[in-house]
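Before anything else, here is the set of structures, which you'll find just below.
Common to both upcoming complexes is chain A, partnered first by chain B, then by chain C.
On to the complex of A and B.
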């Protein structure tokens, strides 16, 4: 807090700083307003202000009523929530151990593991989809390997809800690991050594020292990946079953193949409503972090 | 301080402007060409048509753009229609395969060139079966047929009628798969063949405008046929998400038979994506539907004249023969304009007639009806 006065002296008078700061944020704020906030408002407006029997328009919740009374749409929403939930749980279970290993391990092997964990970030999802068909698909590489040692074929996840789950988890490992690693940077070696000195076992160190410090990072990582997975398109489109569809392919099909933009926008608004809940988790944890 | 603040903000704004999307303009001499067809068609244009046309027309180049799928093409068409009304540059000249009825009212607005009256020297050679409108020019045809693995199914026993096919699918569970009807024409036309079957095998019953009269009553029995075979399909009722993925499954020997586009199957065999032992068969009682691909030229394109020259060029014997030999499709011109030895060689794929299912309202109804009635047979827990 003592630094504030000093930095004021260095940077100059307070009034002089105002326009620079505002101008620096003006562009992102403008872009967010123009390309995100405005389309959201316009989408909500277009789904509740529908053409009525006369020539005019009137307020109606008809499209939302249809969505929530239509079992087919609800199944699609259900499979989207299921996929997102399963992916989030699997990501935490897979990525926390990887991040812990990378935080505490030293040497060449750790560098290779880090490289492997970050690798999916550089693979476009359409290539990933076809690779998964080749590897895990029927008579794919895994089947060939199993067959060569006389084992039965696997039950292929291709064209089932597990296909997109496997692809999405793999695709989201880098982001999750990176966020968790940055969170683990907050865990000081001294704290762990102090705990060990008083006789804490590894599990107790994890539970009482490490997890409380990275719980915020886990929350951020989960809300980030959940936002991406909820609205994912390519992997569920190529690898998932024809029905139920995830919301991404469902919206796209309603918009382009069924030619029903109003219903597609309704689905988008509902998807957004779910995403905003996850977004609020993220904003809350960031705000909590910022608080003095 | 003030000056620095000013410089900073101006610099930031300038950097922001650079990042804004720049306006693009069509270049003269570069024909902006769009397609919604599969990769083999784009390859054909890239490797065969483009070099030949550019060699014959110095100074003109082709910019081949993949619009993804039908709606992707229509989006470009809508942009061109909007550009027409505001006298702007549509940044498009030529659609490889397009229905000029879309977007609605485009023909009346004068968006498309009347190909019949455009003075094409080769227009008279076109197969009259293929002509649907004066505004579109059929240049290649393709039909869906059944591709199968001859090592698992003896060509002597292959089903040749719809009832035989259904019986075969049920007798060999898990060995057949078709793709979702909105994701590619091979599955789409298999579904349409089921609709014909449910309606007395009479293609003339369906027209672009009669969906409101016949409606879902014509489709419901077809959904029953497809639901009936669903448990016998691959994985107890799975559907691939495109023509290519079906071919991939046949190539991996995961299934024995798929519906496939004739041209795509032939190029897949030629490239080794499908093995040499792949057999092709068409149903004899009524073929799986197919149709001609028809090109359109935009009247407000910057390179309209060059695009019309391109249209005339692809009707020449050189390109039309290449459609047969390189692409595995059938030509858009009448068979009299194809060399005699090619006619002899390909007489088996020359169809007498091609049932062609109308688009319009039917398209939407089939895309939505199939998903609601047939697809949910997949048990998500399985």
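On to the complex of A and C.
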């Protein structure tokens, strides 16, 4: 209550000066309006309000019709959906056990595991791509080691759809683990011990006590991953096949190399549409955790 | 008693995770590090035939490498400077002042995170095309500046809010001017977190590849963009390896100084956990 009183007091003092606050935040807010809100609105507008045969513009869904009837575009969309889905599943399967281990383990070994799980955050994805090519690429380290013990070479994932999957999973491990760990912080030791005391097995504890409490964190982690991977560019561009390509490289090529901005923006609007549910859910969870 | 027994047991799960993560995360980077200090490494030898610094001299003698190092540093410096200039006062206002629309404006910085990033970049590029900003330094500065807004406002807001108001008020009561209070009380307390935010935005901008590639190419060539062209077109493996080691330097500083911020729970909560 003192807090409310104090803040009322401050508000009272500053009441005559509120334009100062607006003035101080004006520039970043203007940038958000000009560089995020306006481009999105304009992207939708420009792709449905096309120049017609005459001099004017008219409403048309021609570019969308083209995208959804063009087999090449559809293949690219398909490989993007496949990559995003596979990465999200793999990340959950890899990161939930790591986070569970880190939540309950103590000591130096756990600190080492946590350090390693967060380390990829400090490795730019372009270095990661290079490392993956050197290790898994043709005549890479894995081939060298297999050859030295007389085994045949691997079928390299480099330049196949699995190349970007490996890179994107690697890249997204730290934030997924951090988000899950933060969610596991809400699971109290008492709840688990109480369940154990009445004879629940570890699997039952996991299923009935832990998973329901972190399901929201898993959804947040998955949304964040989907948003990041659906339109990722660098890793698919460097590690992925030339065709079909993921939406990121596809948009870039359409924009710069094919020089067809309208079609590229159409593709961008389509990626927005596919991700909007995840985007809104993600933003809502972030906002819920953070009052200004 | 049961717990004591458990603690004495060998932590097999932990050992499995440690070994697996070391193999998957550390080994690939060590391979790149080894390549950078290798003069000769021919298939199928498991270790390099000759170690040395020959390719460091050759890589550092290339004009395109120096050009892109200069470009990356000046871009990251300019973006971080502008970002601090416009975001820190805004962060102070969000933390301390009251004005109409404060909440909605505070959350407006999340708008960019509701959309897939590269799609948004393409939409922005469509606008830049009309403004003739494609292929220019300032076009890249603008697009990277937008990428730093959320961090540079949200982290400092938390820092300002964590400052003890009673100390500020006590200083005011004994007659310190508002500027003096800000300089002597607020800044020293909020400073370390703000410095971490500035460092993170510098490093994040330094590695920003997608905006620089989409908006800047081919005129604006940053270090990561040069690295892409080395990966795609450069048959000499060591050039890429040496460039990777050079490229990692800013991350190393981030690792040294910003790790505590990232490991803290508030960082993960900033991502919606």
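Operating definition for what follows: the second predicted complex is superposed on the first by the 247 of 292 C-alpha atoms of A that agree within 3 Å, B and C clash if a C-alpha of one lies under 4 Å from a C-alpha of the other, contacts with A are read in each partner's own complex, and residues count from 1 in each chain.
By our rule, a residue touches a chain if its C-beta (ideal position, glycine included) is under 8 Å from a C-beta of that chain, and two chains touch if they have at least 3 such contacts.
Since the model is a prediction, treat every value here as computed from it, not as a measurement.
A.B. asks: Is A:60 in contact with chain B, with chain C, with both, or with neither (first, second, both, neither)?
C.D. replies: Once the two structures are laid over each other on A, A:60 reaches no partner at all.
A.B. asks: Once chain A of both complexes is superposed, is A:265 in touch with chain B (first), chain C (second), both, or neither?
C.D. replies: A:265 sits against chain C, while chain B stays out of touch.
A.B. asks: Report for A:247: first if it touches chain B alone, second if chain C alone, otherwise both or neither.
C.D. replies: It touches chain C, and chain B stays clear.
A.B. asks: Name the contact category of A:35: first (chain B only), second (chain C only), both, or neither.
C.D. replies: It touches chain C, and chain B stays clear.
A.B. asks: Taking the superposition on A as described, I'd like to know which of chain B and chain C A:101 touches: first, second, both or neither.
C.D. replies: second
A.B. asks: Looking at chain A, does chain C or chain B touch more of its residues?
C.D. replies: Counting residues of chain A touched by each partner, the higher count goes to C.
A.B. asks: State which residues of chain A lie in both footprints, the one left by chain B and the one left by chain C.
C.D. replies: Comparing the two interfaces on chain A, one with chain B and one with chain C, the shared residues are 19-20, 24, 27, 130, 133, 139-140, 237-238, 256.
A.B. asks: For the complex, which residues does chain C have touching chain A?
C.D. replies: Spelled out, the residues of chain C in touch with chain A are 11, 13-15, 17-18, 21-22, 24-29, 31-32, 35, 43-46, 86-87, 89-90, 92-103, 105-120, 122-127, 129, 142-143, 145-146, 149, 153-154, 157, 165, 207, 209-210, 213-214, 217, 224, 227-228, 231-232, 237, 240-241, 244, 247-248, 251-252, 254-255, 262-263, 265, 267-273.
A.B. asks: Show which residues of chain B lie in contact with chain A when the two form their complex.
C.D. replies: So the residues of chain B in touch with chain A come to 1-2, 5, 8-9, 12-13, 16, 69, 71, 180, 182, 234-235, 238-242, 245, 248-249, 252-254, 363-364, 367-368, 371-372, 375-376, 378, 380, 382.
A.B. asks: Hey, which residues of chain A end up touching chain C in the complex?
C.D. replies: 6, 10-11, 14-15, 17-22, 24-25, 27-29, 31-33, 35-40, 42-43, 46, 97-98, 101, 105, 107, 109-110, 112-114, 116-135, 139-141, 143-145, 147-148, 170, 175, 178-183, 185, 217, 220-221, 223-224, 227-228, 230-234, 237-238, 247-248, 251-252, 255-256, 261, 264-265, 267-269, 271-272, 275-276, 279-280, 282-283, 285-287, 289-290, 292
A.B. asks: Per the contact definition, I'd like the list of chain A residues that touch chain B in the complex.
C.D. replies: Chain A reaches chain B through residues 12, 16, 19-20, 23-24, 27, 72, 75, 79, 130, 133, 137-140, 156, 158-161, 237-238, 241-245, 253, 256-259.
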